[in-house]
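There are two complexes below, and they share chain A, which is joined by chain B in the first and by chain C in the second.
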Partner chain A sequence: MENRPLEYDYSVAKLFMFTTIVLGIVGMLIGVILAFQLAFPSINLLLGEGLAEYTNFSRLRPLHTDAVIFGFTLSGVFATWYYIGQRVLKVSMAESGFLMFIGKLHFWLYVVGVAAVVVSLFMGITTSKEYAEFEWPIDIAIVIVWVLWGISVFGLIGIRRERSLYISIWYYIATFLGIAMLYLFNNMEVPTYFASGGIGAWYHSVSMYSGTNDALVQWWYGHNAVAFGFTVPIVAMIYYFLPKESGQAVYSYKLSLLSFWGLMFVYLWAGGHHLLFSTVPDWMQTMGSVFSVILILPSWGSAINMLLTMKGEWQQVASSPLIKFMVLASTFYMFSTLEGPIQAIKSVNALAHFTDWIVGHVHDGVLGWVGFMIMAALFHMAPRVFKRELYSKALMTTQFWIQTLGVVLYFTSMWIAGITQGMMWRAHDEFGNLAYSFIDTVTVLHPYYTIRAVGGLLYLIGFFMFAYNIYKTMSARPVEENELQSATPMAA
Partner chain B sequence: MDIADIQAYAYFFFTGFLVLVLYGYIYHLYSSERKGERDYEKYGDIALNDEVTDKPVETISEKEIEKKEA
Partner chain C sequence: MFHWLEKRPFFFAVAVFLTIAFAGLIEILPNFAQASRPTIGTAPYSTLELAGRHVYIKNSCNACHSQLIRPFKAETDRYGHYSLSGEYAYDRPFLWGSKRTGPDLMRVGNYRTTDWHENHMYDPAGVVPGSIMPAYKWMFTNIADVDTAYAEQLTIESVFNVPYNKPIPMKDGSTSTVALADSLEGAHASALEEAKLVAEDMKNQDVKDAVANGQIPEIVALIAYMNSLK
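And then the complex of A and B:
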C-alpha cells in the first residue's frame, strides 16, 4: 500500500456526475412537457383530471427552473470542482480523510436537499419568489450544503502544492462567495407559525422585505443567480477544459484576470434591468441598463480569450466533437451576452419586457452555453474518472448536431414570438384603443410555441444520447494513463 | 437632499472610483510584466501540466518538496 503512487481521487466527482445527468434529465423533461403545454393546453391534464394539480403548468414550472439551476447546473459545478480543484492545485482528495468525509457528506446532504425540494414543490409548498421558492427549513439545509462545499474548496486550497491559484479556482471561489451572499439576503424570511404564536403551517414563511424593496432584492438575487450560477462557474470550467482538451494554454492569462475582476465588478449591479418601468427609483433603472451594457466587455473578454486559445488549432474543431461543444458554448456565451445588454436598453426593453424574447434569451444562454459546457466537461472527465475511452465519437457528433438544431429552433421561434407579441401588445388605433386582445396574440404565437417545443424535445433527445454515451463509457475499452494527456480518447 | 439622492450620488462616485481601480489593475498587470517582476502567462501551464506528479509552476514551499522527495 505504501508504495502505491499518489493518484487523484474522483469518488465525489463521480457521485456529482451522476446527479448532473439524472437531474438534467428531470429538469429538461419537465421543460419539454411545459413547452408542449403552452402550445397544447390539454397536456395540462397529462395524467387525467384527478392528478391535474400535479401536472399543470404552474406547479411544474418552478420544478423545471429549479431542477436545471440547482440540480443539473449545480451538480455540474460540484462535479467539475471535485475534478478540476484537485488537478490544478496538484493535491489529491485521498491525502485528506477529513476533506473526503466532507465531500461525501456534501453530496449526500445535497441529495437530501434535492429530495426535499422536489417533494415540497410538487406538493405546492412555495414562497412564490422566483428561483427562491424553497421554504425556510429547506433554505437552512441548503446553507449547510453550501458551507460544506466551502469547506471543501478552502480545505483543498489549504493543502495545495501549486502556489498560484489557477484562474478557474478564482471563478469557483467567486461562485461560492457570490451565491452565499445572494442566497442569504434574498431568503431572509419570517416563519409565520413562530412569529404569530402558532397560526398556519410550521414551514410557511413570508419575505422579510415588502413591496418594491422585495422586488429589488429579488432581482438583485435573480439576475445574479444567472451570474454566479450560469456564468461564473461555467467560465471556470471552460478555462480549464478547453486548454486541457486542445493542449493549448489559455491565450492570455492577463486577459483572464482582467475579465474576472471586470465581471465581478459589473455583474452584481446589472439586475436592475429586470425592473425597468417599474416602481424602483429611476436612477437605479438607468444604472441597471448602463451596467448591463458595460457587461459586454468582461463577458466578451473571456469568450474571445477562449476562441483565441484555439488560434492555429482550428482543425481540432472539425476533428473533435468535444472541442465542437466547447467552441459552440463560448460562441453562445458571446451571443447571449450581447443579446442580454441589448434587451436591457430601455427603449428595447419597452418592447421586449414580459415577452417570449426574454425566454428565448435565457434558453440560448442556458442550452447553448451552460448545457453544452457541462456536457463537454463530463465528456472530458468520464475517460479520466473511469480510465476508459469514450464509448462513441459518432454518437457524440450526432448529439452535437441534433442539440444545435434544437437550440436554434428554440431561440429563433422565441425571437419571432417575442417581438410579435411585443408589437401586438402595444399596437393601437388613432384613438388610443388597443388593436388586439390577448387571445389574438395567443392565436398568432401558436406555431412558434410548437416549434419551440420541438426544439426543446430535440435537445432532450440529445441529452439522452449523452447519458447513454457516458453510461456505456463505464464499460468501454480501458486506456493507459498516457492516452489521457490532452485530447480525450474516443472510440469511432 | 434626502437619503435616496445621497444613495444615488454615492453609487455614481463609487462606480467611478472602482473604474479607476480596474484601470489601475490593468496598468499593474502590464507594467509588472514589463519590468520583469512577474510572468503572468506561465500560469496558463497550470491547466496543461496538472498530473499530481507534475512539477508545480510555483511550489508552495521548497522545503515541503524536499521533504516529499526524501
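And then the complex of A and C:
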C-alpha cells in the first residue's frame, strides 16, 4: 500500500450528479402535474387550448416515467459508479487517459440521448411499451451509451489495485449485464421505412413480436427494468454509503452473498406477476406468482443486513440526517418488497391489478427507497467531490420530514383509492347486475387523487431543498484540506 | 467458490449472466410458436384502422385504458367475452396497458358508435359527466399519417407473413379478405373510401369538409380503429 492517499478524479461523477438533480426536478415536476391533472382535469390545459396536445395527461405520462427512470435514477447510478468505483477498486480515473475519455463521451452521448427522448415523447413518437417507449434510432443511441458505460466499468476493474471485488461492484456488474440483455431482446423491431422501400416516417418501427408474445417479452423486461434499475444498483449504493457514513462494517458477509446470488436467480422468474389472468400460459403465471413470494428472502436479506449494520449505533439515526435517509430507504425497501409479493398472489392481484394500489406500490418503492437512497448518496458525495462543507444540516433534516410526510400521503391515499376502485368494479347488486357504472368508480377517487397530489408536491418541495443544499455546497468558499475531517455534518 | 469468483471479474460476470439468462430461456422461448396463432374471426388491420391505431399510440391512450378482459364475471359483464390469446395475433405492439384509469376498450366497437366517439373525444365530460379524461380536440384538425400505416402493412406482410389479400376464416364459416393496396396511391384511395363511411356518421363540418377534399383527420382514423375493436 502507498502512504500517500490516492487523488481520485471526480469530473465525470460531478457531471452525472448535475443531471441527477436536473432530471429529477423535471421528472418529478411532471409527476406532480400528472397527479393534479387526475384530480382536476382542467389542468390538462395548463398552457392553453393550443398546446393541450403537448400538456395533456396521456402525452406527459411517458415523459414522467422515462425522466425519472432513465434520467434521475440512471444518472444517479452513473454518478455513484464514477465515485464508488474508483474508491473500492483503489484506482483513480486520472491514471488512464483512455477511461477518462470514455467517461466523458459516455456522459455527453447520454445527454444527447436524453434530449432526443424528450423531444420525441413530446411529439408523440413512441412504441407504447412501458419504459421502452423509444423508437429504434434512440434505441441504438442507448445501446452505445450502455456499451460505453460497460467499458468504463470493466476498464476500471481491469486496472484495479484491490484484487477482491467489493459487494457494490457485484451489483454494478449485474446492473450492466441485466439491462443489456433485457433491453436488447425487448426492443427487437423492424424499421418500416427500410422494409417498405422508403415509405412513411423514417423513425417508425414495428415490434418483432405480436400480441401475447409481445406482452411476455415486454413484462419480462418491464419487471426486470424494476429489478436492475430500481433495486440492484440502489443496493450497490447502500452497501457502500451506509457503512462509510456510519463507520460500521457490513453486518454479515454471508448474508450479502446469499442475497446477491438469490436475487440474481429469483428475480427473472417473477415477471409473470404483471400478466396474471391474462392470455399467457397458466404455468408461467403461477411461476411468476410463486417466485415473487420467494423474492422476499433475498430482498429482505439485503435490507436486514443493512439495518443490522447499524446495530449498537442507533443513536446515529437520531443525530445524523444522512443516516436517517438511508435507514428510511432500507425500511421502504423492506416495505415495498413485502407489498409486491402480496400483490403477486393471484387472488390479491385480481383485485389490485389495473388499480391505483399498484401505483401506490410503485411510489413507495421509488420515492421511499430509490429517491431517498440517491439523495443520500449525493449528500455523502457532495462534500468530498466539491471539497466544501455541506451547506446546511438543518435544511437536510427539514427536507427529510417533509418528504417522508409526502411519501406517506402518497401511498396511503393510493391504497385506499386502489382497493375502493377494485371493490367497486367487482360489486354486484342483489339481482346479479353490476352495482356501479365505470364513472362512479372514477368520481369517488377525487379526494384521494387530491391527497396524492399534495403528497407529491411535498416530495417535490423537498427535492428543491435538496438541490438548493447541494448548490450552496458547491458554490461555497473552498475549505482547507484539514477542515475536511468532518466533511458531512457528522464525522465521516 | 464465491471467493474465487470475487477475484476474477470475467468469470464473475459470466456466472451472473448465466444465472439471469436461465429464466428467460425456460419461460419465454417455448411459448413463442404456439401463442401467435390467430383465432377464427381475427383479421389484420386495414390501412385506415392501422393509422388510427397509430393515433391511439401517439397519444398514449394505453396509459389509461387497458385492452385485456380478465376471466371474471364482473369483467365479462362489463366488457364482454374475456380475451383469448389468438385475438391479439396481429397486434404489434400489444396494447394491454397496466392501469385502468378509464374503462377497458378491448371490445368497445360492440357498444359505442361513431357519433358517440366524435362527441366524447371532443368533450369527454360533456358526454360522461364527471369524466377526468382530457379532450382531444387537436385530433379533429391533425391529419392522419396514412403513409406510415401503409409502410407498416407492407413490412408485416413481407416480414411476418400477415395474410393480406388472402381469405381469412370467419366465425360463421364464411371467409373475408383484408385488401392491401399495391401502391401508395392505392392505399390512400382505399383509406379515403373507408374514411368517407366514417365521416358520413359524423357531425363536425370541418372534418366532413376535409374528407370531402381527400384528407383524413386523425379523429376519423381513430374512430375507424375503435369501431374495429370487437
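Observations
As a convention for this text, the second predicted complex is superposed on the first by the 467 of 492 C-alpha atoms of A that agree within 3 Å, B and C clash if a C-alpha of one lies under 4 Å from a C-alpha of the other, contacts with A are read in each partner's own complex, and residues count from 1 in each chain.
By definition in this document, contacts are C-beta pairs under 8 Å (C-beta built on N, C-alpha and C of every residue); 3 or more make two chains touch, one makes a residue touch a chain.
Remember, it's a predicted structure, so these values are computed and weren't measured experimentally.
Using the contact criterion defined above for the overlaid structures, shared-chain residue A:456 touches neither chain B nor chain C, since it reaches no partner. Contact with chain B, but none with chain C, is seen for A:168 once the two complexes are overlaid on the shared chain. In the superposed pair of complexes, A:425 makes contact with chain C only, with no contact to chain B. In the superposition on chain A, A:207 contacts chain C only, with no contact to chain B. When the two complexes are overlaid on their common chain A, residue A:24 makes contact with neither chain B nor chain C. After overlaying the two complexes on the shared chain, residue contacts for A:257 are found with chain B and with chain C alike. In the superposed pair of complexes, A:244 makes contact with chain B only, with no contact to chain C. Among chain B and chain C, the chain that touches a larger number of residues in chain A is C. Once the two complexes are laid over each other on the shared chain, residue contacts for A:71 go to neither chain B nor chain C. By the touch criterion stated above, A:92 is placed in contact with chain B alone, chain C being left untouched. Residues 163-164, 257, 261, 265, 269, 281, 284, 287 of chain A lie at the contact with chain B in one complex and at the contact with chain C in the other. Remark: chain A residues 5-8, 86-88, 90-92, 160-164, 166-168, 239-240, 243-244, 247, 249-250, 252-254, 257-258, 261-262, 265, 269, 281, 283-284, 287, 486 touch chain B in the complex.
Taken together, the chain B residues at the contact with chain A in this complex read 4, 8, 11-12, 15, 18, 22, 25-26, 29-30, 33, 40-48, 50-54, 56-60, 64-65.
Within the complex, the chain C residues that touch chain A are 2-3, 6-7, 9, 12-13, 16-17, 19-24, 27-28, 31-32, 35-36, 57-64, 66, 68, 70-75, 77-78, 83-103, 125, 128-138, 142, 145, 147-152, 154-156, 158-160, 184. Considering their complex, residues 37-38, 41, 44, 49, 52-53, 56-59, 61-62, 124-130, 154, 157-158, 163-165, 170, 173-174, 177-178, 181, 185, 190, 192-193, 195-197, 199-201, 204, 206-207, 209-218, 220, 257, 261, 264-265, 267-269, 271-272, 274, 277-281, 284, 287, 350, 353-355, 358-359, 425-428, 433-434, 438-439, 442-443 of chain A touch chain C.
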